[in-house]
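Shared between the two complexes below is subunit A, which has subunit B as its partner in the first and subunit C in the second.
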Partner chain A sequence: MTEPLLKPRKKNPVERTRLATRPPGARSRTALGLTRAAAEGRFELQVCADCGSVQYPPREVCGYCLSEHLAWKPVDNRGELIALSTLRHSNDLYFRERLPWRVGTVKMTAGPVVVAHIHEDCAAPEGTGVPVRLTLKLDRSGQAVLHALPAKDTPNMNDAAQMRESTCDPKFRRVLVTDGKSAMGLATARAMLDAGAATIFLGDPSSWKTVAAFDKLAADPRVQVVELDVTDTDSVDRVAASIGGKVEILVNTASHLRDGGILGRKDVILARDAMEVNVLGLMRLAQAFGPGMCFRAADGSNHAVAWVNVLSIHALAALPSRGAWSASMAAALSASQTLRAELRGAGVRVVNVFPGPIEEDWEQLTPPPKLAPAAVAKAIVKGLQDGIEDLYVGDIAEEIRERLRDNHKAVERELGQ
Partner chain B sequence: MPVTVPYARYSSRSAHWWLGRALGELIRGAGLAKTDVDGVCVSSFTLGPDTAVGLMQHLGMSPRWLDHIPMGGASGVVALRRAARAVQAGDAEVIACIAGDTNQVDSFRNTVSQFSRFAQDAVYPYGAGGPNASFALLTDYYMRHYGATREDFGKLCVAQRDNALNNPHALMKKPLTLQQYMDARPITDPIHLFDCVMPCAGAEGYLVMTEDRARALQLPFVRIRSTIERHNAFPDDPIQFRGGWAMDKDALYAHAGTAPEDIDFLETYDDYPVINMMQFEDLGFCAKGEASAFVRQHRFTIDGDFPFNTSGGQLSVGQAGAAGGYLGLVQALRQLTGTAAATQVAKARLGMVSGFGMINYDRGLCSGAAILERGASA
Partner chain C sequence: MSTPVLTQFLNELLNGRLKMVDLTQTLSPEFPTIVLPPEFGQAWPFRIEEISRYDERGPAWYWNNFSMSEHTGTHFDAPAHWISGKDLPDNTVDSMPVENFIAAACVIDVSKEAAENADFLLTIDYVKAWEEKHGRIPERSWVLLRTDWSKRATPKEYLNMAEDGAHSPGPDAEVVPWLIRERNVHGFGTESVGTDAGQAHHLNPPYPCHYFMHGNNRYGLQCLTNLDQLPPQGALIFAAPLKIRNGSGSPLRVLALTPSA
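Right after this comes the complex of A and B.
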């Protein structure tokens, strides 16, 4: 059984910091279908539309009937571990630094035979195979890999070194919540503490305003308040200079949400304010904290691991009644994609959260259903623990996501009514 | 006359140099003019970006028949089949079959990481263990299902090392004991150090022509009695415990009019010992699952009752990329032309060569075998 992870010792400042390496990231374009599924936490393989056979490795044409109609679909993830090896040598630098490493052959109930990472709690096969569950996760190169897990959950299984590589678990990590005074920021900080985060750096963008819940949270010895205004480059730089080397997960909860479209006024002040926080704020944070997180992306068991942007489902489809804000969400999504590419070199994951409407002050006039901030925060923590990259939270977000796949023009017309 | 360009652990030369040397020695050794060779067959992993075509301009050859066989460890046998058919059909008269690879300090990692699409997508990202990892999984399964032990593998490795000590081309020059084999460090459980081949640079080659032509040139020759090849056999086996030989061995013996007990020596593709065991079984020397007992009952040295991998095999000579797929064939040609020097098996008349290659995803896909007979005049 996996030994529970120990609280990392204080870093020895004399020792050299191990730099990040990445597992092999080259994939065929077709194999990126696995990456799409893993990014959202689904388990999908190609299934032949004509003969129904499940394919693996990813193919262009069915390996049984030669049909070209292969679709990515959820499939039964169970299988039997039939061969196991522990690597004590690797041709790749990333794995060399992480040996020994278990790999094995799994015969899936659905048909295919896969080579997978094997969790340390999976027993070695004896006369017969050992039942396992397969899961698709993103590794530090940002590409999907198969992990075989024991048939039933075991204690501390997310603490296993292999799992720690493919997930972003907050346990023992230090988390910066950029706006800790908003309902979303407070909920995020609490959820991170509940998940075992070592320290919360709680951003305070408005020290002139008293928020009782904030003060209560700040009294927790694990919480450290930092004055942080993402619209002020000096402020961002000051905080980065002070704690940048300690931030292992950054959750950007800074948000500027106001009602209003584009035609209804004679200035762009509303749009500029939204951009200042939601887009330029993200960029300022990235420039100040990104390099430090990359530097620490392989530094011990609590290495820097994830950058979380709390966006909105309307980053994908504008809500004209909140048009300026929607534009800033779309711009933030675009910026996050660039950031994702830039941080991937070090293996730091950019997680985008797309919630539906949230129960908070600036959404007072939004009709229900609205998400409790605590529910969104819980989803963020779960997403990090599971290693997910794109999180659609709540019924509205999932519905819009589904409708966008189905007919994006319909979504455009209907949101505009 | 077959040729071997002596192997080197690392080489700063390109594959063209190794292949060119093999061809040059073949032509000079046979007393031919360069233009007499009107067919060429090439195998190499490290010739890129060139193929056999580019190599022809590089070497100034103008063959009327040219083939490029990317089948790794099965290349030697498959090249022989292709070339013999071409000669039989009159497409060429004298065909040089050559295989060679260089081994620069980092070329093995590059070859492994880009070996195939399936390997890139579905094997290399899982620990990047290369062939060690793929064979470790097959070996793990085979040992558990058939009760093979490390001692059984060790006996083969030790016998091959004994054979290699008689082969001046072998890179391994030190004797190996079973104790040393057992004590070796684990590489990829259950594979240990002496189960692994050492990648190196080298080249091998031989000529294919009609018997009449060989006699006219006064060259020692070997006759082909029978050959087989098979690709992606048994795709529904969950893991490889048998190779394509099992599908074709009856045809192999029937065509040659021989049986396993008639074979005087066996040269298999031996990148890991487990695949030797599968070849004993699938080529009919023993039943499936009984290779361990077979190993315990026989002696595999040159003077043993089952002379096996008499050059030392890749495990003790070194694995020169695609040339590794020629090693057994070239050694068999030496045995059957009486030119095997200190590795000569007494009274060798009928030999078998077997090839195995290309771990494209989770198993080796290409298999082939040939039964060869000593030529009358040799």
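Right after this comes the complex of A and C.
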């Protein structure tokens, strides 16, 4: 049975810091279909449109009938563990540092026989196969790998070292919430504490403003207030110099949301404010906190692990009534994709959150359904615990995502009405 | 060739019998800027980015780009800043007569009252009592309200925002037109972010200092400091705003000349 994760010991400050290594990250174009599924928390394999066979590993033509009509579809993730090996030696730097490591062979109910990482709570097969569930998760190279889990959840299952390598669990980690004074920021901080975070660095962009809920949260001994204005390079640099070496998960909740398209105004001031907070703020934070997080990406069981951007589904499809803001969301998404590439080398995952409208002041006139900040925060925590990279939250976000896949032009026209 | 008066003045300054007092706050990103209701356009706070610092971005030099509003930090308000002054002649920083950059100052100390009451309002009676002690306010003087607000150490204390808005001292709605009509003052200066009191939106007319001063082609100074180093009368103020085309105001260096104690 998995031992529960223990609170990490204090680090010896004069010892060398272990640097990040990565599992092999090369994948074929076709195999990246697994990565797409893992990034969004789905379990998909290729299914032949002609003979119905499920394919593994990913391939260009059906292994049974040679048809090229292979489509990625959700499939039954159950299987039988039929062979188990415990690696006690590896020439690969990453696995070498994480031995022993269990790999095994699983015969899927859906057909294929696959090699997967085997959870320590899966019994060894002796004579008969052991029932397991397969799951696709991103590894520290940001690529999909198969994990076999016990057929039913076991206590502390997610605390297993193998699982923690594929997820970004907040438990025992220190989290920076860049704007801790907004409704979304406060909810995020609370959700992280509930998930077992050790410390919340609660960003305060407006120390002149009194917010009762903020003061109440700041009184929690696990919470440290840091004055942080993402539009001020000096402010960002100073906070990073002070606590940058302690940030294991960064959640960027700094946000500037106002109504207004493009033609309706005679100035670009609101647009500039949106860009300043939503895009340049992200870049400042990345420049100041990124290198430190990369340096500590393998430092202890609570190593730096994730950078979360709270964006909007409208980063993918502009809402013309809020055109300037939508443009800033799209720019932030683009910047985060670059950040993802730049942090991948160290295995720090950039998680993009695409909620629909959130129940907060500036969304007052948006008709329901609107997401409670607590609901978005809960989804972010679950996404981190599951190792998701692209998180769509709520019905509106899911619907727009599906419609974009189906017909992006339809989305453009319908949102533009 | 300078006249004897100017030579004498420079000598007095160099030998220390005249001293120069800097009434200006340092511009930094932390210095608080006025906050308006969020639906209105906001003044940009001071922000600064390095271009290079003797490095690969520029090997032998150090320089910065900065951004701010005309009304950030220690700044000057021109009559065009307010609707009541919008049609007056020479009402912008670039068109004002340059002689108006030099004026005497009367410093009215209400720091004790302001410490007890953040909403303290300067009244006609208070000014008359002040004149009994310190003499009549001369024509074309700045009236500077010393509240020691500049000594408030944090943005929270300085802006002093409560649930009903900001609380800081200023003139009431009667004293401003009186100062203009009866004393022909040059303008009004304060240590807080506005020449008007924090709760001046409730006065009649709202923001009477802006309304009457600018409506009579007079000026404003905000975010002053070191007023406690000036005598009640006799200081000379040099306040020259930047020459911004059609500018409503600008950040500036406000300097006072005063006899050394």
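Here, the second predicted complex is superposed on the first by the 417 of 417 C-alpha atoms of A that agree within 3 Å, B and C clash if a C-alpha of one lies under 4 Å from a C-alpha of the other, contacts with A are read in each partner's own complex, and residues count from 1 in each chain.
Here is the rule we go by: a residue touches a chain if its C-beta (ideal position, glycine included) is under 8 Å from a C-beta of that chain, and two chains touch if they have at least 3 such contacts.
Everything numeric here is computed off the predicted structure, so don't read it as measured data.
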item	value
Clash or fit (per the criteria above) of subunit B with subunit C on subunit A	fit
Contacts of A:269 with subunit B and subunit C, given as first, second, both or neither	second
From subunit A, separation angle of subunit B and subunit C (C-alpha centres, steps of 10 degrees)	140
Which superposed partner A:104 touches (first subunit B, second subunit C, both, neither)	first
Subunit B versus subunit C as contact partner of A:56, first or second or both or neither	first
Touched partner set for A:179, first subunit B, second subunit C, both or neither	neither
Partner chain in contact with A:232 - subunit B first, subunit C second, else both or neither	second
Subunit C versus subunit B, contacts on subunit A by residue	B
Subunit B versus subunit C as contact partner of A:209, first or second or both or neither	second
Minimum C-alpha separation between subunit B and subunit C after superposing on chain A, in Å	38
Intersection of subunit A interface sets (partners subunit B, subunit C)	none
Interfacial residue positions of subunit A with respect to subunit B in the complex	23-28, 31, 56-58, 63, 82-92, 94-95, 101, 103-105, 107, 113-117, 125-127, 139, 141, 143, 145-146
Subunit A-touching residues of subunit C, taken from the complex the two chains share	28-30, 32, 35, 41-42, 45, 47-49, 154-156, 158-159, 161-163
For the subunit B and subunit A complex, residues of the former touching the latter	108-109, 112-114, 117-118, 120-130, 132-133, 136-138, 140-141, 144, 185-191, 235, 238-239, 361-362
Subunit C-facing residues of subunit A, complex	207-210, 229, 231-235, 267, 269-270, 273
